[in-house]
Each structure stands twice: as structure tokens, then as C-alpha cells.
């Protein structure tokens, strides 16, 4: 009698519908995009964004916000491009230390009860500074294996789509299915009751931040694989993109309500929105404004479903 | 002689200037149901926190089942088989019931734990609350408050790796209606007769008297009486708590009301043919089982009569929340600010809040509603649950509002204060205020001039004057389907 | 003159631009518009569309280029956010048979053409000029651009080279002005109180006026500030020149170089053999031609030159 | 009274201490010679951050997720349009100011319109709006720099009794906002909303009206800052606001306002604004390269916030 649509399904439905609508619009404007090559070109730059969005989502899941993701991904990209081709061990070591620094940041935030926004804002300067030190002017080089991985010709389905699917599923398993994921979201929902149940909220938060750092590192590496080189400012915009991606994907800033698949879909949607505008060929004066308009329209779609949320 | 499940010896706890516990001894043995009563702020929740390891006493000790006292804190308590249903709901509302169970029970590991957990919860839930209609695969956020409370209770009785030895229930029935409360108490009795032990806290003395084997009375941070239940009567229990029982103050039908002007008039719904009408000076009760639309109606009434865009006219309507954490208190603020926020306009000159006026109003209501605090400038969260509720009450009553909406406002308020508030309500009603009062307690419903009974989101019966009685309300609550 | 003269009237050219947030870029877009509109009307090419990304980011520009591949452009004229980070997308475009011509912000992917300005020389020449004005040397304040960006690094390297060449100069302070007047003003005002006497300010363009303002606010003697061809800088210079015979020079790349890139792309589409690396001189203004340049510069804009098809042919021929 | 008030007033102390320390360190570099001129420069530039920071603070006080990212674009648009409107004509100074304020009103109304009508989270709504506003600025003037009227330019760069006029303006606005926040009913309202919008609604607070007003005030302050900044630096540039995105947020949080909303303070904004200018000046003065400079800036911010945190948790 009653059709059971849970809040979680709605959360996922909205981004999927937005993506589908945009995709139809893009195909209509540019039928050439409807091909193996076309889909790859449309979506391959969404792969690092999707990874960064997952990283942001992990932090949002524990009710924090990470303003340093953009500079951290840039930093990871610089390390990858500078050290990975010649001295991979050193590169891996630096990245591992960076992930540990992320975990440490989570620890400080929890122990001192600091606002994550301020700490990550401060860290964004630190990562930016380190990136400039490592790579004062653009350059470096993608390691061959990374380049060939990111430009792989997968059968039938383009690599960009395969990669997005894999990212979504892995993140879903970690965040929605594993015990650690339950604990992470539990801390976002009600940290007090998680600690009353005998868990160490500190350890959970540290794990969330470490995972976030790990996904950010992957984002940086994927980015270098696509662009073939790095610079210190390469991913600054990922901070806002990743936040927008999480929200677009149905996540909420507080309360541990997140959706990994939604986040990946959100990242794809954001990327596609940019292409959609290119294909519309608006006057250069208004191209920037049109990006805003598209964001508004895509998020406005949520209104259609909002009667249920209210 | 068996070793006690938990033994608290000489525990003292202080919060700044407040001495919440002073040298309390408490032992609970297997097969015992200990009822814990006391006024708001007596220290009941504090001793609960000491027992479950969340709070280390500043003096004294806690030990579990004679275990070596090497372990401390929450993990020691859990290892000792202590489970706790807290006064405020404490599930993660963004997680599913199953996931909450996973967080609560470390034993739920390994492949397929979700399936196992689901089965365990479904069994336990229908064991404690037979005939419930809770969807055990749902996310907690989609459940009503009563359902959440039911789930939380069931989760704490869950037998994952060994049954719980001691279950602490801190005002577990405050958001349950009487039928559900009775089911829960029945389960407690069964659990205790099976060798488990329970610490039950409630302000509803009937529950304590009917369920406990032993009653401990607390007052101002200390234990003042601890005797088997057979040595107490309702009256002696109240006296032990330090309050005086007053006669029921029902004054009979006040006929003057029939001529006073109508202040609220909600047209009849076609389904049941009944609407809601309230006159100046009336106390209207909203009754029925919990979760049948009473809160929704109060929220709608308030929204309708107050603007979301323009400053509110405080002489129109005021609201007393029942769910403090959700829509009542402002946690960063002092007690005083929490109280004065409802009527800032009257305390201000040219939009600027006048500190002296504010202090005066604070002092007046601190005294009127007996808020237990040394200083109204302390944070609101330093108050016990019941005292926070009094602040919300004072917030509404200190406005000149003609209509006061009350959403089960006496949750967790002790009996002495309740009686004070009842008489304030009476006096204010006589002075011309209208009260719309949703309550889950039958005693309170019986104090109202007129009562509307709710079922499935609509009014199914209107009772007035002498028709207002427990029997009639219950009959109307359950008769909906036949009509 | 050459054998293969393909018809370019059916060819579509796109401008990929990564930033529109300053007057230089706006002048660049205006020049593009001014030159390509008549070219399209005269059926020299079928289309010359300009695209700008919302944020100054290599990743967004890479996506933009990939979209242009899908849109079927025959050539892409590119002012790149990064000399290397677009290489993946540029390679993909080349592989799809698209001509890529980069200018100002050039890319180092070998398949693309580059119309470069010798930024290093631009920096070095500033010091050389100063050595003539101040033979005895003095203290320099360096205002740099945006940290981590190629152009900033190049010009700064040139300046340091110049200082090595003319060791009577010493850089006593270096701040990042992000190529913006107000940022430069803020940064200079912050270090100025702790600096010794400054004889001259070497800049990267777009920051000279801010520096002048900061010196004025600190009530310090105005040093020789090398300007960057912005109209307000020239205007200020003119005022100082008239009042107290103030002397300096101004140097920057002309925004109209976008139109040169357009014609070069057209020539390549036309089948011309064009060397991969072309250079254009930077646009320098001196005491003598200040008034002329001021007259021809739009109020509030940047000193500019636009290129014709003939200019492009000449540049190509010269490079041979 | 006293316990509560002193506890509340503590979080901002740390940004002031940090500002003082950086000031002393910078001045020491020159053996004290630069005290006065550095002080003046600091006051001037800090005042701009203060003006936008005040508005941002009110918005952040509204609770988690509330932040106005359209501040930079609003600064740019109001600077551009006001200067274009005045076109160096001194008689249009006041109407020009009204144009700037009008732009602030417009952006604020539009921001809240998106948030309320389309239920878009504020971060994204104001980000989208900033793109639109930036486009408007590009379209309206294409980046041409028009000079401010001479009188206005003299006022914005001038001093009164040795204090920069801009700082006087900033101070006046700060006092006004401090009154709003600490003394007025409106201040209680935004604090309540920041703690729990639902509880605020049920306490009879006009939640939408208050939030609307807050977003409008923030945009108007940004527009005012744009007007002054454009006049101060001799013309509007399309990127003149970019600096103030991170800056406006940083001064609020470093100043000790609770990011979770509900609790904020005005003196902290000043301390943090002075500090943010001084820290860059100090590192520039000591001649650090860009990389080291950025790193140290970040580490100092974190150190300040850790030092401040002990106070906050003792409350």
C-alpha cells in the first residue's frame, strides 16, 4: 500500500536526476559527445574531483569542514610530479607523511576542540607554501605508469566512467558498509552517544581524517596523470568544488548525513555543467555568470523533491 | 552472599559551586529493581553517570560485580554488564537502527552482522513492546520520539554476547504514552524476576511503586531513604522526597467560560466532523496516544499566529516545548538569556535590551518556578533536565501572551514543582489566559476544562466538564476505528 | 607565395582563455573581438569564438579544451593557465588533428605553437634601464606577481639576472602583488616602513600605480617606478612628468597579441609552414613616446597594439 | 554577570596578543624607526578587512553552513559601478555611495532569495551569486579603471589627527555592529538562531526576517568596502575583491567567534585584521620567500587558535 522511499533514496535520486538531465542536454547540444571518446573527454577531469569530493565528504561526515583540500591536492600533485618519476620511494614517503599530518590535524582538532574551519584554513597556507617550495614554477612530470593508467583504453565503457564507478563503490563500502564507516557517521550524528557506547571518538576522527588525506593524495596523483605535470596552484578550486559536490550529492553539513555515491555523482554533475556551458556558447561577459546560473538551476531541482523533506 | 552487580561507595561530585552528589552509597544486587526518586536536580542523573563510567567521582569509588578495579570508565562499566538508557534520547538519528545497535554492542562483528542485528532487534522489540509497528530497518531520524525511545530501550536489553546485568533507565517513560509505559514496566519486572537488575528513575510514583523491589530517595545530592517497596505508600514517598501532597484541585465546571470570547477556532475536518475551539481563560487539553498529531497541531497553531519575517507580538501566543534539546533551549546561553528571550521587547528600550530589567524578570521567575541554581547567569546546561524544563515554562509565562501552547511540558518535572505550576496555570487562566495543553499524563488531562482526544492526526472526541475522565479519554483514544 | 593554399573560410577557431578578471585580459578579449568579427564577416574563417573559464584554474581550462575538441574546432588559440598542466588536453587536441597556438601563457607540449614574449628579457631590461638612470646604483624593491606561476618566475629570474649584471643594485625587499593594484599597494605599504631608502621599484605590470600610492601614503620620496602600460599608471607618470620632470619607463606585453595568435592560427590552417616558436617584442613606452601612447590608450585600459593578417605573415616570415 | 561576561570576552584576547607580537617583531627589525608609519599602514589596511569581516561575522553567527562567499564579487561590482557612476564628478559622491549601498541591498536580497526560495545551502547559493555578480561587473565596465573624484580619493587616503580616515570609518561601523550584536534584540536573535533555528522559531523569533536582514547587512558592508577600497586605490579593478574571500572568513574565526554559530565578538575582528596584515608585513620584512611565508602564515594562524582554545574550553 505504502511505497517506501526512504530519505536516503531521495538523497541519491536528486543528484542522479540532475546528472541525467544535464547529460541529455549536453548530448542534444553536441551529439558528438555521445561516443566512447566523447564521454571520456567529458568526464576524465571529473575523476580527481570525485576523489577530492570523497575526501571532503569524510570530513563533513564528522561534522567538520576542510578548507585545505584544494591546496593539499595541489601539494600532493607537486610531490607526485617532482619525486615519483625519479625517486618513487621518497615520493611515497612524503605522501605518507602528509597523510599522517592529516590524521594529526584531526587529532588536534578533536583534542583541543578547535573549529576545523580555522585549522584547515591555516593548513591551507602551509600546504600552499610547501607546494611552492617543492615546485616554485610549474613543471614536473607524471610517472609513466600513472599516465598510462589515467589514459587507459578500457573496453566498451570509457575509463572515466569505470574509474568513477570504482571510486563510488569503494567509498560506499568504506563509509556506508564497514564498521569504521558506521562509527564515522555515528560521530557526525551524535558524538556523545558514540563515546558513551565505549568508542574512542578521537580514534574515529583520526581515522576519518587519515582516510580523507588518503583520498586527497589519490586525487592529486590522478590529476597529475591527466595533466602530465603539476603546479602549486593546480587544484585550488577543489576546495569549493568538493564542498559543492558533497552538497549536490545530497550530503548535509551537519549530522553525519552523507552519501558517497551521491558525492561522486555530484562531482560528475559539476564537471558536466561546465561543458554544458561551453556548448551553449554564451557571450564571454556572461560565461562566468552562467556557471552560477547552472549551479542554481541544478540545486534548484532539489525543490521539486523538497516537499517530502519539509 | 552474592557480590553486588555494582557498588558505589562514598561518591561525591561537584560542578563548580554545585555539589551534585555528596558521599552517596548505592549497591545494586542481581534480581533487584531499584527505584530512584527525588526532586529535579537531586542528583539522579549524576549518579547514573557515575555508575555507567561517564563521570569519575571526585571522591569515592565504583566497582562492578566484584571485578578487579583496574579498569575504569565506560569500558569497565560495559564489561561489568551495565547498560544505560539516558534521560535525553541518545541514538544517532542519521544511522539506521541496525547501525546504532552495532555502535552499542561491540560483540556485533563479523560477516553478516547486519542480518544478525536486525533479527535480534526485531525479536527484542516485540518482546518488550508487543504489537509495536516500528520498522527495524529504518533510519532513526524517521521515527517519532516515542518510537526512538522504544528502540533505545530495546537496544539496551539486547543480548549480544551475554545478557546485560544491570539496565539503568533514566526517565524512560517520559515520552511514552501510558500503554507503552506499562508494556515496558512489565518487561522490567520479567527481566528482574529472571535475575537481571534494573535502576529505574521516574517522577511518576505509580511506576516506581508498581515496579521496584527497593526504593532509594535522593535529596540535594544525598540519599535520604532506602527501603524495600513494601514500606512505602504514595504519600509517604512524596513526603520522603520533601514535598507535601496537596488535594486534587479540580474546581468543577466553570460556567462563566461559555460566554467569554473565542480566541481559537479551527474548523471541523470533514473526516471526523470535529474542530477545535478555545475561549478566553480556558484550559484546553489535548489527549490521546502519543504521536497522533497533537504536537503537529500545536506547531501549526504557533506558526500560524507568529510571523517568520516580522517581529513577533508577544501578547499573542507563546509556546512551551516538550523536547528541550530539539526546540527548547539555547545551549550556549545562560539560564537568564534562555528565560528572557521570549519577551525581549518588553525588557528593551529602542531595541536595546535593558540589563536591569532582564535581571529583575529573571529573579522573579527563578523564585516563582523554584529554579534550582545559585546564579541565573550560569549556562543553561548546568541545570538538571527538569530544571531546564522549568526555564522554558517561565519563558512562556513571563510573556503577556493571551494563548499559551504547551507540548507535554511537564516531562521530567518533579512532583512538587508540578503542583506549583498547576496552580500558576489555574491562576493565569482565571486572569484570562488561554492554555492549550498536550499531555501524556492522565492527571494533567483531568485538570483541563475541556479536552480534545486525537487519533491519527485528527480530533475524534471532545470532552468537557465532568466528561473529562481517564475512562472517557481512553475510550475515545481507542474507539476511532469503529466510528 | 607558398604552394598549399587551403581555403580557411570553412574553418572554426576558438579562443581558450583562463581568466577575465583584470584589465589586461579584458583588453585582450576586446582586441580579439575587434579583429575577428570583421575576419568572420569577410569569410576569412567561419567562426572565432571566445571562451573564458570561471576561475583561473588549469583544470578548468583543460576541461574547456577537451570540450572544444568535441565541438569540432579546427584550431584553438590558447592563453594557458599553466605551461605544463594543460599538456594532457593539448596533446589530445593535437591527436584529434586540431591546431593549437598558445600565446602569452604558452604551453610546452611540443605539438603546439608558441607565440612567446621573452619575459626574462623583460625583467632584465628594467635593470638595464635603471643602470643608465642611476649609474651609481641603489636599493631596489621588487614587486612580483602570483607565486607559483610561470610568468612570475621568469620575469623575476630576469630581474635577478639584471642585478647580477649590474651589481651596483641591491634588492632590499620583495613582495608579491599578485598583478593587482590593491594587493601590491597593501604589500608595499606593509614592508615600506622597514625598508631603507629605495631608489627604484621593479615590477611585473599592473602594480606600479599601487606602489606609487603606497609611497605617497608613507610620505616617502617617490623612487623610479617601472610601469606596466596601464592607463592609470601612464596617467600618473604624465602628471609627475609635468609637475617635476619625473622620468621612468613602462613595459608589458600588448594584449592585442591574441589577434596575432589568431592570424597565425589562420595561416597554419591555410597550409603555411610556420615555425613552432615565434617571438613578439614586448611593448615598451619611454619618456619620449609617453604622450602618444597615452593618447591611443583607452581610458582605464591598457596600452595596446592589434595585429593584421599582414603583420602575422611578416612575423612568420621573419622567424624563418 | 561578571563571570559570564569576562568568560565571553576572552576569545578575542589572543588575536590581539598575536597582532601585538608581530607588530613588535616587525618594528624590531628596523630598531623601532618604523613604529608610527607601520602603525598607520596597518590601521588603514586592517580597516578594510574589518568592514567586510563584520558582515561575515554576523552571517557566520547564524549557525553551521552560513557563510557569504559573494563578498568579493560584491566588492568588485560596487567599486566598479559606483566609480563609473560618479565618473570623477565630486558632486556625485553621495549619490555614488547610495549606488554602492543599493548594490549591497540587491545582492543581499538576491542571496537570501536563493537560500529561502530555492532552499540552496548558503555556501553554494552565495557562490553561485558571486559568479553572477562578477559577470555583471565584467559586463558593466569591462575592467576599465575609472578614477574616483579627487575629494573622495583625498578623504580615503587621508588622516584625521594622525589616524587614517578609513580606520575611523571602520571603527564607527564596528561600534555600530557591536551595539547590534551585544545590546540589541537583533543580536540576541541571531545568536539564538545560530544555536538552534527551530528553537528560535518556537521562541517567537522572526527567523526568516532576521536571517534576511543579516545577509543584507553583510552584502551592504561588502559593498561599502568596495566603494572605499576603489576610491582608496585609485580605481576599481575586476579582481579587487579576490583577497577578501579568505580574509573575511579568517578574521572572523581567528578573532574568536564560534564557527558553529551563536557566539561572536567585534574586538576579535580588529585583532585578527591587524594580525593578518602584520603577519604578511613581518614575513616580507624579514625577506622570506613566498613558500616559507605562506607556511609560516598558516602555522602562526594555527598556533593562535590553539592558544585561544584553552580559554574557550574553560568557559
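For clarity, chains are labelled A, B, C and D in written order, and residue numbers in each chain start from 1.
To be clear about the criterion, a residue touches a chain if its C-beta (ideal position, glycine included) is under 8 Å from a C-beta of that chain, and two chains touch if they have at least 3 such contacts.
For reference, the UniProt names are A, D = ABC transporter permease; B = Sugar ABC transporter ATP-binding protein.
Please read these numbers as outputs of a predicted model, since none were measured by experiment.
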Can you check which chain pair, C-D or A-B, has more C-beta pairs in contact? C-D
Give, as an integer number of Å, the spacing between the C-alpha centres of subunit C and subunit B. 71
Distance between the centres, which are taken as Cα means, of subunit D and subunit C, whole angstrom: 33
In whole angstrom, the CA-centroid distance of subunit A from subunit B equals 43
Cα-centroid distance, subunit A relative to subunit D, in whole angstrom: 29
Among all residues of subunit C, those touching at least two other chains are 20, 54, 147-148
Taking each residue of subunit D in turn, which ones touch at least two of the other chains? 131, 134, 138, 142, 258, 290-291, 294
Go through the chains and record each pair that touches. A-B, A-C, A-D, B-D, C-D
Looking at the complex, which residues from subunit B come into contact with subunit A? 52, 54, 74-75, 78, 84, 86, 90-95, 99-100, 102-104, 106, 109, 138-139, 141-142
In the complex, subunit C residues that touch subunit D: 20-23, 25-27, 30, 54, 144, 147-148, 173-176, 178, 180-183, 185-187, 189-194, 209-210, 213-214, 216-219, 230-232, 235, 298-301
Note which residues of subunit B are touching subunit D in the complex, please. 299, 302-303, 306-312, 314, 317-319, 321, 326-334, 337, 341-342, 344-345, 348, 351-353, 355, 359, 375, 377-378, 395, 399
Of all residues in subunit A, which touch subunit C in the complex? 30, 32-33, 38, 41-42, 44-45, 48-49, 131-132, 135-140, 151, 223, 226-238, 271, 274-275, 278-279, 281, 284, 287-288, 291
Subunit C residues within the subunit A interface of the complex: 17, 20, 29, 49-55, 57-60, 62-64, 66-72, 82-89, 91-92, 146-150, 152-154
